[in-house]
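Each structure below is given as structure tokens.
Both complexes shown next keep chain A, but they swap its partner, so chain B is in the first and chain C is in the second.
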Partner chain A sequence: MERAEVYSRLADVFRDVFDREVSLADATTAADVPGWDSLNHITLIGTIEDEFDVKFPMKDVVGMKNVGELVDKIIELSA
Partner chain B sequence: MNGHEPLRSLLRWPFACKALARKRPALRRALLERPGLLEKRIAVLGGSTTHDVVAFLELFLLDNGIRPTFYESEYNQWWEDAVFGNPALDAFRPDVVFIHTSVRNVRDWPALGAEASESGVEETVAKWRTAWEKIAEKFNCPIIQNNFDYLPYRLLGNLDGTDLRGRVNFVRRLNAAFAKYARTHDGLSINDICWQAADFGLARWHDEAYWCLYKYAMSREALPTVAFNVANIVKALFGKNKKALALDLDNTLWGGVVGDDGPENLELGTETAVGQSYTEFQQYLKDLSKTGVLLNVISKNEPENAKAGLAHPQMVLKEDDFISVKANWEPKSENLRLMAEELSLLPESFVFVDDNPAEREIVRQQVPDAAVPEIGQVEDYVSALDHGGWFEAVRLSGDDLKRNAMYRENAQRAQLQSRFTDYGAYLDSLEMKGTIRPFEPVYMSRIAQLTNKSNQFNLTTRRYTQEEIERTAADDAFITRYGRLEDRFGDNGVVAISIGELKGDALELVLWLMSCRVLKRDMEFAMMDEMVAAARARGAKTIRGFYYPTAKNGMVRDFYKTQGFAKVSEDVQGNAVWELDVSNGYEPRNHHIKIER
Partner chain C sequence: MTVHHIGYLVKKLERARSAFEALGYGVERETVRDEFRKVDIVFLVKDGYRVELVSPYDPSSVVAGLLARTGNAPYHVCYEVDDLDAEVERLRDARYVMQDAPAPAPACGGARVAFLVHPYLGMVELLQKSG
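Let's look at the complex of A and B:
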């Protein structure tokens, strides 16, 4: 899957979960997105798993630092 | 709200958790637009993460017309919050407390290396009981408590359910102890997650990754099921459940079209698989009616064809099992409205069951608050209706069990009335006997139920929990009266409730309601006679009544005028205050009911 496609589908997920447009880049972290707290993070990860039909291993869920790493992981898991 | 129907259908069983989780913000916004939401404060005390449970619970409650605000305990602080209190929780003053604990919170399992013994249950239950007692003492509000689900493993295999040291066995004993407490304590309702997990599938119910990562007691996919069930209990607590079914005939209660195929060719009975499905659906409905759900028919048929079908020898449901049968060619939405009016129910109290999607659609559009489930194929009907949770009850009262009989008696009264030209003579012929007394312990649950269910003949629409009713009854500043009414056709049970508060030399009628099943029987006059007599005995010179208009209580706008009161004030919303001077006596107005005190 192309990064651009992953980003476009991620943007849909973020819009639904946070109920607003969110601009995403590789360096984006939770601190940059209002409402992305530890509780909404659970909903976000679950919704991303649903959208891309992937299941993140537990070590990755706790290890991902920013949106760039998230996108890498999605591409890796859906390959 | 009709435009939001595709969104709202996400809130119907079986839940598409992925879509529901994702569309939650949009759904929430749409549901908040609906007028007339009932505001309730719900404290959620969790033994695991409650974030998503609360988010889903909010949606299901909004869908039922209840707008919740939440208090959430810090992670796993359910017991500390309940037992030691917490200023934020105290200030919140919950209307309901929901304790979201699960098998993950069981600590003291029976020792595996020791002799088998019956003990251990009491120690664990005592921990929860302390919490329930403290909450009851402090907040005097209903408590909803999860029972326990099974663990995702069995150390002893099948023996785990048999051996007293087995954890399956221990969970069963704990659940039996919770249920026993709930049976003897009206304030506690059990949310049966043990059954929910079985229905959902235990292997999918547990999610070890979500437990270890986020401390979710059950998988994300299972949370809508849990929240839905809690919402059903809340809605039952506040009287928002459905009361009646309106059932189609052709291809709903039997296979085939009676007008075309003839009654002898209907699929019904145990000879064929399809016939058996209809028979089992009918048996389910018959059993449901014994819990107080009213069965009715709305069918597009010639009346004599419908009658012939209902008389089919293989019918489990007989004509007598139905309160009202409408077989004609009018739109079903019109029939439903008319039926509701005749039974003194609101159209929204009905669940409409029809195999025809076009009929479902017209009722959905024309009667927006009636429930209109998708029911699938005949073999799915029972499951579809059962999983709707529309008839959830907090308690099964004696009145619930007799309800069908009472509505049938009402139909007989209507027949008798048609023989009289003088209404007073008709009332006398009913040989009515009333009992009007201060609130008594055996009726507290019924009285609370009535304050939550009565919408039409209700002057102030004030809702009470059973605990509040008990407190009011014990308080000297209040005069309380319930009214029962019997007549030659049967016992209507407790049908009228009045609460007055003594303020100086006035009695203020803070609650005045009556069940619509005894409309135009003069019971309201009998109640007023008793309240006035009690008020005068306590030195009151004025009786003050209030009318607060709602979308549903227009029928009592002029109630106090009929009772001889004078209007003192009325604001632009129509909230009115009425007074009756009783300092120089009072002329009783009930002449047709013999009253026992």
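Let's look at the complex of A and C:
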């Protein structure tokens, strides 16, 4: 899957979870997105798993540092 | 898997407790501080139904942000299970995501619990049945 496609679908996921448009880039972190707290992060991961039909290992659920790592992991898991 | 309790997130534990007592609920277990989750908890029962009042005492509690968003409200159903680890694995395959690794819950007599979140349902708690 191309990164552009992942970003496009990820934008839909973030819109679903946060109820607004969220500007995403590789360097985007939870601190950049109001409302992206630890609980919403779990909801975000579940919504991504459903959208991309992937399953994150537990260590990755809390271990990813930014959106770039998230996109990399989605591509890896969906390969 | 059987329903054990409904968890209510509240800002002021003692006032919420009084509000439930006015509805006829009785305290089942006095208030316990859960330092792992940074919440104070009290269980009440009525007509065989059990509610758990949960109130964060520190802004870093995992449910503090949720309380700010929802206000006082029910937020999870807890299910008692025979094999906690097996149920966690089963629910992972049904798109539930584990919030924390299973850990003892002081308010449940030290029994292991796990919290999971489903993107289209919200939070559930699994409680390991004793014995």
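Here is the rule we use: the second predicted complex is superposed on the first by the 79 of 79 C-alpha atoms of A that agree within 3 Å, B and C clash if a C-alpha of one lies under 4 Å from a C-alpha of the other, contacts with A are read in each partner's own complex, and residues count from 1 in each chain.
The working rule: a residue touches a chain if its C-beta (ideal position, glycine included) is under 8 Å from a C-beta of that chain, and two chains touch if they have at least 3 such contacts.
Only a predicted model underlies this, so the values are computations on that prediction, with no experimental measurement involved.
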- Based on the superposed arrangement, let me know which partner A:66 touches: chain B (first), chain C (second), both, or neither? neither
- Message: After the superposition on A, what does A:19 contact: first (chain B), second (chain C), both or neither?
- Response: first
- Query: Can you list the residues of chain A that touch chain B in one structure and chain C in the other?
  - Reply: 17, 39, 42-43, 46-47, 50, 58, 61
- Message: Touching residues of chain A toward chain B in the complex: what are they?
- Response: 13, 16-19, 39, 42-43, 46-47, 50, 58, 61-62
- Message: Can you tell me which positions in chain C touch chain A when the two form their complex?
- Response: 62-63, 65-66, 69, 92-93, 95-99, 101, 117-120, 123
- Message: For a test of understanding, state which residues of chain A touch chain C in their complex under the given definition.
- Response: 17, 35, 37-40, 42-43, 45-47, 49-50, 55-56, 58, 61
- Item | Residues of chain B defined as touching chain A within the complex | 18, 21-23, 25-26, 29, 49, 51-52, 55, 209-210, 212-214, 216, 220
